[in-house]
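Two complexes come next, and they have one chain in common, chain A, joined by chain B in the first and chain C in the second.
== the complex of A and B ==
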């Protein structure tokens, strides 16, 4: 299992490095969205609730760009067929794809969060960073689990670019709630403390439940 | 075989609906603060509860479909979710009217139950487009079931998350009937039963109609040959699963054996 996941993950990253189809697009989209928010809200600096909201909406929509691309190559170039011919556990593909999406998110955030601090965030990022990293990590796991399941579901439909976001957004609303509430005190500046434990717990539980759901259901999306 | 008990069910639904409406208008006392407006509660809350129950039931039927691969479970899951959507729309509209009446706005964001209901509704609104977008009937059934299970599990999770996120103003009904005075609690219980019966009746009607249509198509095919089968029975635009009725499958098998 670990070997299979490793091989699949290597393949995914190799394809991404050679084609650069997802991550650069996601990062650029996030930067552009910050600029759009600056003009749309007519604010030079944001903090607290507003900062958390802008950050999470941007990250979410950028993630959906990655979700839409996640299985397209496999569906169009016969990657599914090749994988199904191999005598390996099908869950390996779920794990590999989810890890791929997780890595995409991490790279996206490496670009988007400093850019956000530079362009829009009022309070300095330095002291917010530890709390923010914890929230980002928990939310990314949930996005990866839900995104992979939804991407596998949407890729076989006729209007796949449409169904990815339509299915993913409602399922991701609880993640947005948890992540935005957890990071808003962190982004509100000094002496507001870390992310509230209640929201971190919610995010963690949601990740766990959707990880299990994706694990239980993914096999059914792969048999043909 | 599907129409069995439908008449008795319909009659009891009408009877209980009538009783519920009579209780709502003539028995239940006027609420002190909201007055007559509060009576919409006897329609709105049962609609919402039954719609959510239908979604979860659709998810359980979908699990059954994934386990047994029996297309009839897919049909049941489809009908359960379809009816849940209709009841859900009713709950959203009545909830909106109630919000307008008691808070002065058609939509109130700081009310977790309404908000989470909207999120669930938006998710389920993609169920039928999703079915339309997958052509192969077997894959359509499988993918729809995966969606139904995911969304069915999402229903309670979403409610917990949204409820946590907002200041609490909605009258809590589930597990809280004890705070209702006796006559109101009785009226609410009868209304809930009436709406649930309405759901079951409509569910059975749709299921029966779908099967009757499938049988009709199979019979036409048998009578008129393959040409008639190519010209489908007029069914409008529906995302319902393609018929995999046992009778239809049997004729298909018989034709295959005859070498037609």
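== the complex of A and C ==
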């Protein structure tokens, strides 16, 4: 299975490097959204709840751009059939796609978080970083699991560009709520402490539940 | 006689497949021995591609029984996937990747040594263009790479949907040893070929299946089939 996941992941990254269809679009969307917030709120700095809300709503919508493109090459170029003809465990595709989405999120956040700190965040990013990284990691795992499941479902439909976000948004809302609540004290300044354990646990549980649902359903989504 | 030699390559009994309300394939029954070639004729929409996709384990049969290389579909589909190769209308290759990258990807999925990739690139005369993305290559070149992909793992059963589409006469000669009946090192390879070329198809066939509107209109040994009977299917 590890060998198959490696082959799939390598192929995914090669296709993305050649086309640059997902990650640059996601990053550019996040940067533009921060600029829009900067002017729309007419504030130079935000912190606490507002900062967490802006950050997570922006990351959520940027992630959906990546989710929508996740299976497009496979659906349009026969990649599904090529994979299904191979004598391999189909879960390998779920794992590889989720890892791909996780990597996309990582690159997105490497661009978006410093830009957010520069354009909007009041408290220094350095102080918030350890707590924020923990929240980002937990939220990204959930986005990857849900995003892969939704993308595999949406790509089978004719209106995939519409169906993907419509299905993904309600499922991702609990992640946005959990991540925003968990990162709110982190983005409020030094004296507010780290992310609350209650929200971190909620995020962890949500990841686990959707990881298991994706594992249970993915094979059926690939079946005729 | 060993069990493997006695075992039929294909055993279909009353195979049916629908797309929604429409019956794409209905009541197809036939038996093909290992090493034989079945050629399927029929006009567009007759059900040829659907038949190939069912045999390739990509579509479930909705009625009837299907046994491929001794395994019952769809229950034992996993057991035959490594033993069959499909060359369909779509090359099943990524346009942004090069021929070498595509073949290496499939080689890893099938657990095939990467030296086989280089060997095949040479055999289909694509070694000189193997580092260019497929989107920059002609359809004939892409078809040659698709042939290499289909035979990468030396399948016992080859499912070929108009395999010579987009190929010029020289390329047809080039791929003939790879998708011909003698390609399998263990003996004659079993093949199912969908064709629109009656004379070429008849020359390659041991068994001929004619489909019309998803129904079996002709099933006979090739030596008993006249060219006019095949042409009749298209009228």
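The definition used in the following text is that the second predicted complex is superposed on the first by the 224 of 224 C-alpha atoms of A that agree within 3 Å, B and C clash if a C-alpha of one lies under 4 Å from a C-alpha of the other, contacts with A are read in each partner's own complex, and residues count from 1 in each chain.
Going forward, a contact is a pair of C-beta atoms (placed from the backbone, for glycine too) under 8 Å apart; a residue touches a chain by one contact, two chains touch by 3 or more.
Owing to the predicted nature of the structure, the values given are computational and were not obtained by experimental measurement.
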{"item": "Superposition on chain A - do chain B and chain C clash or fit", "value": "fit"}
{"item": "First (chain B), second (chain C), both or neither touched by A:103", "value": "neither"}
{"item": "Contacts of A:83 with chain B and chain C, given as first, second, both or neither", "value": "second"}
{"item": "Contacts of A:178 with chain B and chain C, given as first, second, both or neither", "value": "first"}
{"item": "Touched partner set for A:132, first chain B, second chain C, both or neither", "value": "neither"}
{"item": "Inter-chain angle, chain B to chain C through the CA centre of chain A, in degrees rounded to a multiple of 10", "value": "80"}
{"item": "Lowest inter-chain C-alpha distance for chain C and chain B in the superposed arrangement, angstrom", "value": "5"}
{"item": "Overlap of chain C and chain B interfaces on chain A (superposed complexes)", "value": "223-224"}
{"item": "Of all residues in chain B, those that touch chain A in their complex", "value": "66, 119-120, 122-123, 126, 129-130, 133-135, 139, 142-143, 145-147, 149-150, 153-154, 157-158, 160-162, 164-165"}
{"item": "Residue ranges of chain A in contact with chain C within the complex", "value": "3-4, 6-7, 10-11, 14-15, 18-19, 73, 77-79, 81-88, 223-224"}
{"item": "Partner chain A, residues of chain C touching it in the complex", "value": "56-60, 78, 81-82, 84, 86, 88, 90-97, 101, 105-106, 108-111, 133, 149"}
{"item": "Contact footprint of chain B on chain A as seen in their complex", "value": "149, 153, 156-159, 163, 166-167, 169-171, 173-174, 177-178, 181, 198, 202, 206, 209, 213, 216-217, 220-221, 223-224"}
